[in-house]
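Chain lettering (A, B, C and D) follows the sequence in which the chains are written, and residue indices restart at 1 in each chain.
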Amino acid sequence: MTTGEEQIGWSRDEMARRLALDIPNGSYVNLGIGIPELVAKFVPAGRTLIYHTENGLLGMGPSPAPGEGDPELINAGKRQVTAIAGASYFHHADSFAMIRGGHIDLCVLGAMQVAQNGDLANWSTGEPGAIPAVGGAMDLVAGVKSVYVITQHCTKTGEPKLVDRCTYPLTGRGVINRVYTDLAVVDVTRDGFRVVELAPGVEFEYVRERTGAPLLRSAPLATGQCHEHACGCDAKRRPV
Amino acid sequence: MTTGEEQIGWSRDEMARRLALDIPNGSYVNLGIGIPELVAKFVPAGRTLIYHTENGLLGMGPSPAPGEGDPELINAGKRQVTAIAGASYFHHADSFAMIRGGHIDLCVLGAMQVAQNGDLANWSTGEPGAIPAVGGAMDLVAGVKSVYVITQHCTKTGEPKLVDRCTYPLTGRGVINRVYTDLAVVDVTRDGFRVVELAPGVEFEYVRERTGAPLLRSAPLATGQCHEHACGCDAKRRPV
Amino acid sequence: MIDKRYQSAADAVADVPDGASVMIGGFGEAGSPIELIHALIDQGARDLTVISNNTGSGEVGLAALLKAGRVSKVVCSFPRTANSTVFPDLYRSGRIELELVPQGTLAERIRAGGAGIPAFFTPAAVGTPLAEGKESREFDGKEYLMERGLRADFALIKGRRADPYGNVVYSKTARNFGPIMAMAARVAVVQVNEIVEAGMLDPEVVVTPGIFVSRVVGVASPMHESELVAAGATYP
Amino acid sequence: MIDKRYQSAADAVADVPDGASVMIGGFGEAGSPIELIHALIDQGARDLTVISNNTGSGEVGLAALLKAGRVSKVVCSFPRTANSTVFPDLYRSGRIELELVPQGTLAERIRAGGAGIPAFFTPAAVGTPLAEGKESREFDGKEYLMERGLRADFALIKGRRADPYGNVVYSKTARNFGPIMAMAARVAVVQVNEIVEAGMLDPEVVVTPGIFVSRVVGVASPMHESELVAAGATYP
């Protein structure tokens, strides 16, 4: 698609870069398949994150050089990866003990729908005839300390992904803490969705029109490029 | 004590030797502290048993040579041991997964009382002021495939240890399969205690008088030295 | 002597009966015991219940076992893969039953089965369609589902090295379900690249202690699913 | 950079507050983190709940912590040892509370706590006095008790080697409760004979992945309880 709307807001890389700014040094992070994987490319210099992949590796490194991969060293997306110095391998029950036991600091996932109460739907359209496949998503959202979604604000057909109530089958109930879209960074609060930052050139009203649930605005509401500090820092953010 | 009764029946070593005859080659065995430990000395030539100690070692070997012990290589009785070629170390949850999951073939324990329904009491007299300490006994009797008791037939004061009903606090309910005493080998069956073998020179009546519950006799009821074969073999056993 | 070595994959799976439950290790192709699966196809057992994280790709290994019509039910977290058409076809045409289990719940159910834990509680899947029919319960103000331990008649596992006692070490992320499936199966069969003498594996680094393993088979150069699929291979 | 190294045992336990729950590794003297325990005695925290398989011997290490009056409750499977008089005296005089737990149940409760499992069922202790007050339930015709996962504020653990990421390997049967206590504690503190650089521990042989460990302290030549007791040592 090459509509005008695509010009507005953050690109996928920019979304990933924006999210990466908010991950503190030393975090244990599980990145879902797809856009979430991009986050690893944009971790600011000076921070070390440790990547967990639920198929049994802590300390996942980047893709191997061509021809140097090992079919027995893969990530949860079944792509060949590497292991950093300081990595460890373990079996699946231990791996999900890390997840379920609250040892992973952050999980970043894609989404089909996120509801204002934090419900997530990202595994099934519920259509008859579809092959149901859930993988580790339900365990991740139930166990990891913080769960962020990274996704386009709307579907390819323009439907909002941030909704009043998920219509697709749930992955987890009240599990999402924050959503990073091409248009904004949106917290899931007790009062519902709250925009904490707008992409450059994106107005609050524009986002509200494309959101399927009430949208609160934060004060100070930030926008733009001012993210040399980690999550929670309001330095240089300008209120909208 | 040096009463006449002590001359009768099997010595502790002979009890251990008798029990050892009944353990098939290749068995995974957990031996309790005390008389049960003697069993390892009497395994017939040609059989290999693998010893499990619940503090995290499979493939426990004999005591180390003097001066060669390691305070970090001990058995459940906290005595220094060795590890055989083919051993493995693991943590406590994995060790008791072996026990609870039914992976250990045989556990041999001492007893204060065994009831005719297989109840075992071996951890506490229940006296006020005693320091209660249970260790792994309750897990062992609940999880191991076969649980044998090895014990004197009576207490030092002449009270039967094979009883109608345990009066001491239980270690487990209906868990004992067989008892090896100085006087006899006694199966715990659905119908109660059944003598399957008498020690040399010991008469059935003699055992019955010293047993606190009805005692059945097996046909063929065996006695004596005829145990060059493994458990279940009736070769050369003479009926009483 | 204890010697759990079997001469061939065929020998090691010869007694799998019709109707057996079979855990099959692997996450995607990593750890998939292709040679054991192919031996099981040759052997002919049918009406199997297969417990495995995926359902294979192409028409080799696990997918070939499904394709051969030997499996009546799969217990699985992700039965959908690139290059996977066998399971979808069987599922859509109603020729195979699927019990979909979240991956961590699947792992923990297998570990529980092996550890003698008949049931446990997990927060995964609360409030989702996969909670339907499951008992739920609150602990400390949070809701959990009760899940049952899972055991199987056989497990087919791929390791890296083993000794005659059945001690096994694995390779990288091919470890995945191997150690817990070995615990949960009545008969765990492990294929390894190399069988070494007892004492050659450091007791500190053994991942699966021999007590969990019944049979060990050497397969010096195991096939890789992705290469077979890329080459368009099928089995048998 | 990630660097979990602490300069001293004292630094590593400096923030243990009064009233904290503290898991202490070891089975008898094997794996008992004596230097960390002594640092905790020096630090002065009191009203502690200690979760440990035993209660120490002589008047060093764990027994010394009890003797110093810092512990109000122990959760334990076997609080009775040769050369053990400290706990018996405290217990008989009503100055310490005891929660007696079968050893395998204790291990599994700790593992469950670390794995996010709030409760599970076990056959151990059914029909015994230790079943009193516990929910029981039948699965497949057999009775089980429900047991709760166990977590703690801190864990004090003895390993053999660690790296700055907190990856740990152990020594022989000193491994015992270390790996599961690391999982179950908010702050796991591990003393090791040797701290090596990241990358020096083979990822295949790491027993406790660094994610479970908050602090690592080097204690090159740790004391052994039995030697101290034989020498009649006391602490402080």
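Rule of thumb we're sticking to: contacts are C-beta pairs under 8 Å (C-beta built on N, C-alpha and C of every residue); 3 or more make two chains touch, one makes a residue touch a chain.
None of the values given here were measured: they were computed from a predicted structure.
Visitor: With centres defined as the mean of C-alpha atoms, identify the chain lying farthest from chain A.
Guide: Here the answer is chain B, farthest from chain A.
Visitor: Starting from the mean Cα coordinates of chain C and chain D, work out the distance between those two points in Å.
Guide: Between these chains, centre-to-centre, one finds 34 Å.
Visitor: Per the centroid of Cα atoms for each chain, what is the distance between chain B and chain D, given in Å?
Guide: Their C-alpha centroids are separated by 31 Å.
Visitor: Residues of chain A that touch two or more other chains: which are they?
Guide: Within chain A, the residues that touch at least two other chains are 57, 83, 89-90, 93, 96, 99-100, 143.
Visitor: For chain D, what residues touch not just one other chain but two or more?
Guide: Correct list: 108, 111, 115-117, 122-123, 170-172, 203-204.
Visitor: Chain touch graph shape: choose line, ring, star, complete or other and state it.
Guide: Graph shape here is other: it fits none of the named patterns.
Visitor: Chain pairs that touch, all of them, please.
Guide: A-C, A-D, B-C, B-D, C-D
Visitor: Quick one: in the complex, what on chain C touches chain A?
Guide: Residue list for chain C touching chain A: 27-31, 53, 77-82, 87-88, 91-92, 98, 100-108, 110-111, 122-130, 170-180, 207, 224-227.
Visitor: In their shared complex, at which residues does chain D touch chain A?
Guide: Interface residues on chain D, with respect to chain A: 1-2, 111, 113-117, 163-165, 167, 183, 197-199, 201, 203-204, 206, 209-212.
Visitor: Using the touch definition up top, name the residues of chain A that touch chain C in the complex.
Guide: Checking each residue of chain A against chain C gives 53-57, 70-75, 78, 83, 89-93, 95-96, 99-100, 119, 124, 126, 129, 131-140, 142-143, 169-173.
Visitor: Over in the complex, which chain B residues touch chain C? Could you list them?
Guide: So the residues of chain B in touch with chain C come to 25-26, 28, 48, 50, 52, 57-59, 83, 85-90, 93-94, 96-104, 143.
Visitor: In the complex, go through chain D and note every residue touching chain C.
Guide: 108, 112, 115-123, 139-140, 142, 144, 148, 169-172, 202-205
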